[in-house]
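Look for chain A in each of the two complexes below; its partner is chain B in the first and chain C in the second.
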Partner chain A sequence: MKQFAALLRKDNQPVRYLVVDDSVFARKNLIKMIEMFGGEVAGEAGDGLTAIAEYNRSKPDIVLMDITMPQMEGIEAVERIVRQHADARIVMVSSVGYQENILAALQKGAKHFVQKPVKPEVLYEILRYVLSDDPAAAGAPVALAGEHRS
Partner chain B sequence: MSRPPDDRSSELRALFFESAGELLQSLNEAGLELEARPADEEVIRRLRRAVHTLKGDSAACGFHKLSELAHELEDVLSPQVAQARGADLVELVLAAADCFGAMLTAYQRNAKLPSLDALRAMIRRLREEPGAVASPAEDTAHLPARFAWTEYEQLMISEAVHRGEPVYNIALRIDPNSLMRAAAFQLIRNVLHGSGTVIALRPEDNVAAATVDIVEAALASGQAEEKLLHHCRIPSIVSDVRIERVSAAQMPEHELLGDLLEAQAADLAVSAAGGAEIVGAAKPANPRSAAAAVAESTLRVDAARIDTVMNLVGELIIGKSMLNRTLTEFDQKHARDPVRAKLADAMAFQARILDELHKCVLKIRMVPVEQLFRRFPRVVRDVAKQCGKDVALEVSGQNTDLDKSILDSLAEPLMHLVRNAVDHGIEPADARLTVGKPARGTVYLNAYHQGTQVVIEVRDDGRGIDLALVRTRAVEKGILKADEAQRLSDQDALNLIFESGFTTASEITEVSGRGIGMDVVRTVMDRLKGTVQVSSQKGRGATFQLRAPLTLASIQTLLFRVGGRLFAVPLSSVVEITRITEVEIHKVDQREVLRLREQILTLVRLNHLSRLRSIESQPAKKKNFVIVIGAAEKRFGMVVDSLVGEEELVIKALPGEIVSTDLVSGASILGDGTVVLILNVPAILSRLARAIPLGAIA
Partner chain C sequence: MRMELIQPFINAADAVFAESLQGPTKIVDLEMDENTYRRKGVAALITIKGDIEGRVILDLSPEVAVKVASQLAGVEMEASEQVVRETVCELANMVIGNSVTLLNDKGFHFKVSPPEVHMNEAGLAGSADTEALVICIETSCGDIFLNIAMRYLHRRRQERNAVPALD
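The block that comes next holds the complex of A and B.
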């Protein structure tokens, strides 16, 4: 298995993630990767409504959001979260068939998207990019401890 | 020199000379820019590119001397040299442009080549300077991108640049592995919008993005280039990024043109070398493919071929009016025939298409006046330098279109006017300062459309034309008598400068003042059925207005009859038409005049004008038509027997041996075969203006 340099916040704390997916298996898979990247799971949700509640409770650094979910679709959840928290960093997770939805989510303010099945190295790069794209941090790469992934 | 006689190579040579001319032009332009901003690397790069292309092309055509010289020049064109010896480099570049020009002419005429020693010496002197040894490898990016922005977008870009906002041309390649292209494009868009103001974007929407590999954008952004690059490297979306800063000097249209020329030159080189050896022009990692695609959409055609098409269309228009007349006759004979309506429909249809065709052909001949204007920065610089003055040139209206042949004929008069403006118009710096003007004089070139005419203005903010001096000179030269000169209105006095042999310059300089020039301007404008007007304000400068028809090929005319003959005048010169009785005509100074409202109008009878006198004058009628004709400021009335109507005429030039008067500018054939003479309004006017009573001619 590949080794990844820990992705850390500016204050050298682990990055906190909210994982939103209606499939428990998919969530477990993502959480495994997050741990590989040195991150911390701040919360989990199986639908959009819960995701919003969880976001407000845990204020995560990153949201990994599935696009199709019961109760409230990912797009609407994105819209509501971004409306309340303009700086929210949401990465959509979806299979190729849902390009239209991804497009809509991007228009609503999602920062990036990743295709299912998620490959850890792809997700890592995306997270690194999204984390660095912080206006307050002035683009400084988030504490990358020098070494790259091997 | 070996010159295979076949068609292919002579065509190639023609193409070479044409594109080489354009390269010299860009060399001149870049040289001037370099003078303004000596260390601008972008300009140097452009210079190198032009010289490099010239080198390759000339070698391919077998002009080795030129190629060698270009090669030597290319070696010294480096940012280091520019930094160390900026002024010398500018002189060298301009001198080289002249020298290359002379060489090209010599090659074209198979004449002896001019001496190259002076230029070689200049190059050598620069080369001895340290720092010029290694020319830096061009850091051309590998991503094919055209940045072919629309005119509007270019305008926005150049505005932003002039406001001091950094603008970047960005090309991003969508990761070939990405399966969701539209989403990828949306994300790129988000990132771009998050990094600055997106001025232009290709493709423009998500739908088109599905089939596109490369996204191009023009972005105004305060962010550092490095940071932009980081933003644009979107993982899993973008596989390749190229960012170029747009500098003030390099406006995108020039950039595009440069690429185009380069692509063309490459084509030339390839075909010349038979594909075996590409002379210096092929840099494998260049944005060649995209540029070549642009080049393919432009076609170089021999102007004579377009003229042939134009003539044929002209014949068709005559054919149309023939048909129309036949239809009218048919109408009268068989008014109730159902075939009539069908015939009329078919003809209306045909007329519409013909009209469209005519417009299309006219458009082919139209070129922007920019092609002419672009040579003037160099002219102004050189003349100003010779006179020891500081003169800026401001150009506007470059995109105004006009007929290529008219454009070509305007080159000479315009050259005279601009040179004169710099040499005579603009005062020396100290004289300007004492009257409270900025030390630097300005010459303005402007072009615009007005009705069916194109107007080109040359304006300067110099001393203006000294009317007293003009009057004195006119008397001295024997153009006028002293008392006549005093009676002349200011405008008429001003017009004296167009008389042949006239100059106000107190001494003859190298630049102007040889007494030829202004009358050449007038002659050319007359030939073009155009006019030249001058206005001047003492101490504020002079303005020359050249007016020419947009196209020579066909004009709207008013047909009328005098003494049984059919004549036409350009409709554009008809001011109004009125009816008068004989009693309204008065005689003043042996001239017939008419009081029209508050104006006194000189009347002209065609049968009185010289060389047309064979026309029988009809017995005086009670009522006559008077066509009021105006050109420039002047007006006169033409007494005619009857009006026939408006008609679009295709002008056929008349050979000199058939018509010995300058009062007729051409002829045309109507649909029924009748020949119409088209009157030359400026010539009639100038005859009137000579203050000779018409009776004396008749």
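The block that comes next holds the complex of A and C.
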């Protein structure tokens, strides 16, 4: 299995992720990747409404957000989260990757988009990019995941 | 049979199965079908309505579904009806999502229904006046079947035919 340099916050702590997807498998798969990147799961949600509540509760560094979900879709959840937390960093994760969808998500405040099935190396690069823009969580890789974290 | 409408589904299925199941895939059987579809196992039916219309059925045995679930989750999964249902839906969503992306980028606009899971013994009706392509794809977890029936919306077809050919 490929190893990744850990993505850490500026304070050298693991990046905390909120994983939002109505599919249990998709969440498990993303969590597996988060652990490969040296991150921590701050919370999980299976729909947009729960995602908003979980965001307010856990204040994650990054949200990985599906688009098509019951009760409230991902794009609406992005809009609501960003309205309350302008600094929220949300990456859309969806199998539906056509331009209209991507543009709608970006216009509502998402930072990036990754198409399912997610390739770990693609998600890693996107997370690095999104974190590099974050003054609080620099995301500079300092060591292989799980190694030398102080 | 409109292969230009069907090919994106085949390409998407191939790419999704290879990537998510981490193994080679191969089309081992391909046939035309005009009759009511008889499931091989548990099936997810997705209906498409818009510029193009039709339906896609993704079908696999419960045993294969549990193997796929374990692969997707990265841990060994216990067999249960819920696991089988979620697996079929998740695979169908990924295949359809990727196909929709390819077709949408070609200018087709349409709506896709959420997957409808069929586990009982009844057959699934074919679309009126549309023959289906049934494909068996061999994956590292076992065989997965796709039944695809797609056509242009009649109004769109007439509009296409009305456009004079360019010299």
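Operating definition for what follows: the second predicted complex is superposed on the first by the 130 of 150 C-alpha atoms of A that agree within 3 Å, B and C clash if a C-alpha of one lies under 4 Å from a C-alpha of the other, contacts with A are read in each partner's own complex, and residues count from 1 in each chain.
Assume a contact is a pair of C-beta atoms (placed from the backbone, for glycine too) under 8 Å apart; a residue touches a chain by one contact, two chains touch by 3 or more.
Every value quoted in this text rests on a predicted model; they were computed, and no experiment measured them.
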First (chain B), second (chain C), both or neither touched by A:71: neither
Which superposed partner A:129 touches (first chain B, second chain C, both, neither): first
Partner chain(s) touched by A:13 [first = chain B, second = chain C, both, neither]: neither
First, second, both or neither for A:113, with chain B first and chain C second: first
Partner chain(s) touched by A:103 [first = chain B, second = chain C, both, neither]: first
Contacts of A:26 with chain B and chain C, given as first, second, both or neither: second
Common interface positions of chain A, toward chain B and toward chain C: 96, 99, 115
Residue numbers on chain A that touch chain B, as the complex places them: 96, 99, 102-103, 106-107, 111-115, 122, 125-126, 128-129, 132-133, 139
Interface residues, chain B side, partner chain A - complex: 179-180, 182-183, 186-187, 190-191, 194, 206, 227, 230-231, 233-237
Contact footprint of chain C on chain A as seen in their complex: 23-26, 28-29, 32, 68, 94-100, 115-117, 119
Chain C residues within the chain A interface of the complex: 16, 19-20, 69, 72-75, 86-87, 89-90, 93-98, 100-101, 104-105, 114
